[in-house]
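Order of writing sets the labels: A, B, C and D. Residues in every chain begin at 1.
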């Protein structure tokens, strides 16, 4: 029996998979926003089932900062830098999407081996979605040449971990939760600023071309 | 006359006889070789003691040395002669000998080396290319024969259980010589010493000391710059070395015979001098019959010598087991 | 006054001296003399301390604040270390005498402060290595010794070749200490102690650590096939340093072998046979390559390899004999090894110092540029000659005495061993040793004859002058020691066996018989020589003329045999080992008969270097390059590494 | 409260001051004073632990410091104080020798980020909570990015980007690992779960083993990326090489320790469970392999600071072995010796780069002629960092090797010995080429001894660490 939380996080995982398939930045950002919104929703459901008010704030923060703020910021960045499309690296996007779907299935198998979360609200699917998001994020990072794409990939990984934590544990300490969120935001800001610098110095934001430091 | 006096007299006579041998045998050897070669070439040849007379004549002549030379040249002659005299005293190349100190075989071999080093240095001192050629070849020959000579002596040492040549050549070890291998060892070692002495002394078939082409020669090239007394001493030292080596070979053969037939001290004494003479004559014959080996073939020739010694040494090492 | 105090004082004294070196090095002339004097004083002090405490033994552990991090430094002075320290003090003393004169000509090339600092550290650490009683003190002193000697080898570091030599040496010495560390750690895990005295190599598990230790020491000692560094390092270093390195430093591994393996009761036949073979081969290989060298120092370096081989051989004979229960042979061989160490130390430092004097005065060590020094530098020549005689083991010098002992041990083992195989091997070794001896004679006759006799081959050799008094004095001191030890070998041997008995498990204490009448023979030889000279040669009329030139007019120095041509007949015989190649090119019209220019080049290719060392270096380099390709600069690749590491770790997690 | 005050005052003061409008010379002077005051305040704070009076000092439920933490705290602050005290000289010389003018606002930025960086690192050692540990480590990445980006050129940008991206991904894994450990604690051990280190250590045996093991793996991977374990080290040489010398010194001497300390925290926990095979053999072999790989990387090396970066990786490998052996004191000893010598080396390399105006090793020759003092200090530190006696690192490495040998990890010992030999030879070949020969162009030096003051102080420290009983006092169990 699939709970609403499971449904939300699986939705997020599938949205992330779809994100791999396209190189359009705007589409990617929309998908990321939708995905994060799903996660915020899942948080809300969790808050409801555990009747924990703290989670509600977190859900709101996620919806506000991550689902809306970050895509907007990155979208603004891409407008500023006048890049709309990634070139793609290593493997072609459709192929990468298939790969992420296979990885989704694989993570389904993988998480079977985990002991069932004793008190958490969700079952296997939460862990599956978390691990799958993690893999998807890695695939995004590996298949994007633009700096923004890489940031996006990293954000997806972060989402995956959050989903995992949300579904597999019974409430991380609030302090930690806030710290994580803060760190991530600062991280995104710093990398976003760096993207501008890269554009300024190299006149492109293709990180695959940053290979002057090597042996 | 008391026993002590008799003893003293014996010592004196031994010494006198021995000194006579040291003085006379080397020129005699040279003379015999020359005479034999002359006879084989249908010539009368010089008298037997002509080499001695030559040496005496040289002693009277003045000396010429090169301005390039340092003191090393004359020093080398002195040292070589002195070493040869000491060696002659220590080495049992004759069956009769006055008292001598421990003649360890390794010591003897290295005393020969001392003489060789000084000969070589003397040859290099003049800055002459001939001397250097000779020295370079001599050093090569030295490398080739030294193991053979040493191993031959070691083989003898092994079955007498000592490295002291006095004991090895003491004619007193026959009580345990039931082993049939013993005369064989003596013979093998004798041949080995004889052949290695041919190389060591740079005689045929390794080198022809009677040509006049210094470029090809060994010993004669080394002493090219020597003259007068210096030359006389070098020649004498060389002849003495020859006698010692031939003497050692002869001793080996005599011991081989002594292992089979019992003989008295007088016979042994006569046989040892006679042996040297016979060896000298046969060397003369050999020199008349053979041709000089190509220089590159010399190692092959020496290989025979070494293998002879090795064979003797292995046999000796093997038979030693029974005794101990 | 008790022994530890004396020793600590001399050690502290040395440390102060090292500091003083830095202060004094501003004024070079003063500092060279002052520091040399200091060195002599230290050496004399150490010598006096050793003699004063002759019958005492001590074990000393540094008190709490003077620790090596967590370990105390432990020192032990017993018969064995006393013997080696005496050698060290003697060599230090003579290098101290030699230094001021010698360093003058290196003034522009080397920095005095660095040189003296390293030199004093080097001396200090050598004292330390020999005195150390546990593995940690040993390895610490050992590494300090290695590093400071590398710094010394690189004294004149502006030359490319010097740099290369120092680095080769550095690599070799690091590999050696790596092996040693491995062996020590292994032994520690077996025996649970760092103390050498607690180590027992008799157990079968101890074979591998013993092998590691043996290999480590062999590398440092320059035993075939690990000798490659030695002929590079010695020529590059200043003569005083090569004298110390060749004279003493390469004996330290031998000391270590005795201290650790022999006293640890090693008897595993695999190890002893291995050491035996290595010793035999290095004796032969070393002298063979020494023969064809043209640089005097390189020649001496190869000759060191030969002698180290002989010492190792003697040690192996001793160990084998001990295992076969032949204490007489074992004792003779052990004493031979010790005595040869001592003798070779003295002789080799003498020879290096003489060559240093030649280098200093004639500005070359290349045999192609020397010659005719006999008249210019007679004193140095006499010293070099006597040293050469000793190293060729010509009686009555000390080299002969120790070589004789080695021969005796082989002779006795031929007599005593039960198995035919062992006898055969001993016999074959005698044969090999005599060939080695003959080759050594060839080598050193070449060095003496071409280097000192005949006509000068270069302008600088022609204008050479006799070395300074200090240099002469230091050489003469060593010559006197060499001759004295040779002539009075039986007394020397008594002292050595006495010292050997004073350390545990070294010999069984049988008296070493040295029956040779060397003093008498020496006297007789000298009297005979004098007699012949006084009676006959002195009175002979001597006319000075020129060397016979076949009537072609004055001889040029080039007509003399060169170092190459002298060695050629022998080198030819051993062509397969030496890779001896002579390339001659003749230029000119109708080339054979009317040559205008003839160039002959002799090349010796080191098989080991070409076939083994360079390829293995290339392999490491290849690996390193392959590794460097991993760091390709692409961030995608780097992320992929992270992913694959994750996969590997997860797999490992399921396995473990 | 007192804890936060004594910990945070000085860094925040420093950051605020540099961001203020004071003249740059004044800022420089102040930052030196502040950095040393920070060392003293931390020392005062940790005094009871350092003296061994108490084994752990609990400040708040989530902040505590134990003996190892206190040691590392001291080390980190000392290292940063050294680097920051050298930094003003470095920036002054930058225009004096290298002819580059450093804009004062960049320098201010540098001091500000360095202060915050130090603060973040301090929290790594003080947080008694795995979650906060993670947060602090992530914070170090963010603050140090500013240090790496200091020179604002293309290379620096590239290095910073790689640093940020790779470390962030790695750290994300560590977060997952932390969550897994949290999850494992919820399986019956602690009601509601906990990330508190003391609590977890108290009930280690009841933790869910599967989740704990997974958590360990992810944490090892994550913090390992930050620590620069092969093959996760890829960001490290770039970042160390592009950052200015004082920053490289802090990255190498302090940051790597933080990441390894995090690994130790997790290892400490897993060791107490029954499934401790994974936290022994994996770090030991991985550490040994890292050392070997770093040794090979050292062979063909072209950049003077990249050389030391790889040497840091090698040392990280050795420290990982110590962690695998379960010996925090050996881990600290190695970290201490490495940091002291490596900081000196990075600072000296900064000087050398200024003299020769290049980082290219093939262009740097004849240092002994250019500046004997610098050359000898450089040689001593290089010997110390490669584990030569009689310097401290030798003792630490030897103890680690001996402990591994006694723990019958013969193969790891073998690999380590080979790695040490290769890295020593490689480093000394490079160092020797730098020291020897003659410089390719005339180099005139001026200035006081100030530029060598901190390196020579550190040099003295390595010697004291090797030749005194100091390590004995530290390693002595309480």
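What to note about this one:
To be clear about the criterion, a residue touches a chain if its C-beta (ideal position, glycine included) is under 8 Å from a C-beta of that chain, and two chains touch if they have at least 3 such contacts.
Note that the structure is predicted; figures quoted are calculated from it, not measured.
When each chain is reduced to the average of its Cα atoms, A sits farthest from subunit C. Centres computed as Cα averages put subunit B at a distance of 37 Å from subunit C. Between subunit A and subunit B the centroid-to-centroid distance comes to 100 Å (mean Cα coordinates, whole Å). Centre-to-centre, using mean CA coordinates, subunit B is 79 Å away from subunit D.
The centroid of the Cα atoms in subunit C and the matching centroid in subunit D are 43 Å apart. Among the residues of subunit D, those in touch with two or more other chains are 161-162, 165, 169, 214, 237, 297, 300.
Among all residues of subunit C, those that touch two or more other chains are 627-628, 630-631, 635, 639.
Touching two or more other chains at once are residues 138, 141, 150, 207, 210, 212-213, 215 of subunit A. The chain pairs satisfying the stated touch condition come to A-C, A-D, B-C, C-D. Put simply, subunit D touches subunit A in their complex at residues 62, 129, 131-132, 134-135, 138-139, 141-142, 145, 149, 152-155, 157-162, 164-165, 168-169, 172, 175-176, 179-180, 182-183, 186-188, 192-193, 195, 208, 210-211, 214, 237-238, 241-242, 297, 300-302. Listed in rising order, the residues of subunit B touching subunit C in the complex are 59, 62-72, 74, 77-79, 81-83, 85-86, 101-102, 104, 106-107, 109-111, 113-114, 116-117, 120-121, 123-130, 132-133, 135-137, 139-140, 142-144, 146-147, 150-151, 154, 157-158, 161, 163-164, 224-225, 228-230, 233, 295-296, 299, 306, 310, 313-314, 317-318, 320-321, 324. Across the complex, subunit C meets subunit A through its residues 627-636, 639-640, 643. Remark: subunit A residues 89-90, 138, 141-142, 150, 207-208, 210-215 touch subunit C in the complex. For subunit C in complex with subunit B, the residues that touch the partner chain are 371-372, 374-375, 378, 381, 385, 389, 392-395, 400, 403-404, 407-408, 411, 414-416, 418, 420, 423-424, 427, 430-432, 434-435, 437-439, 441-442, 445-446, 448-450, 453-455, 515-517, 520-521, 524-525, 528-529, 532-533, 536-537, 540-548, 555, 557, 559-561, 565-570, 572-573.
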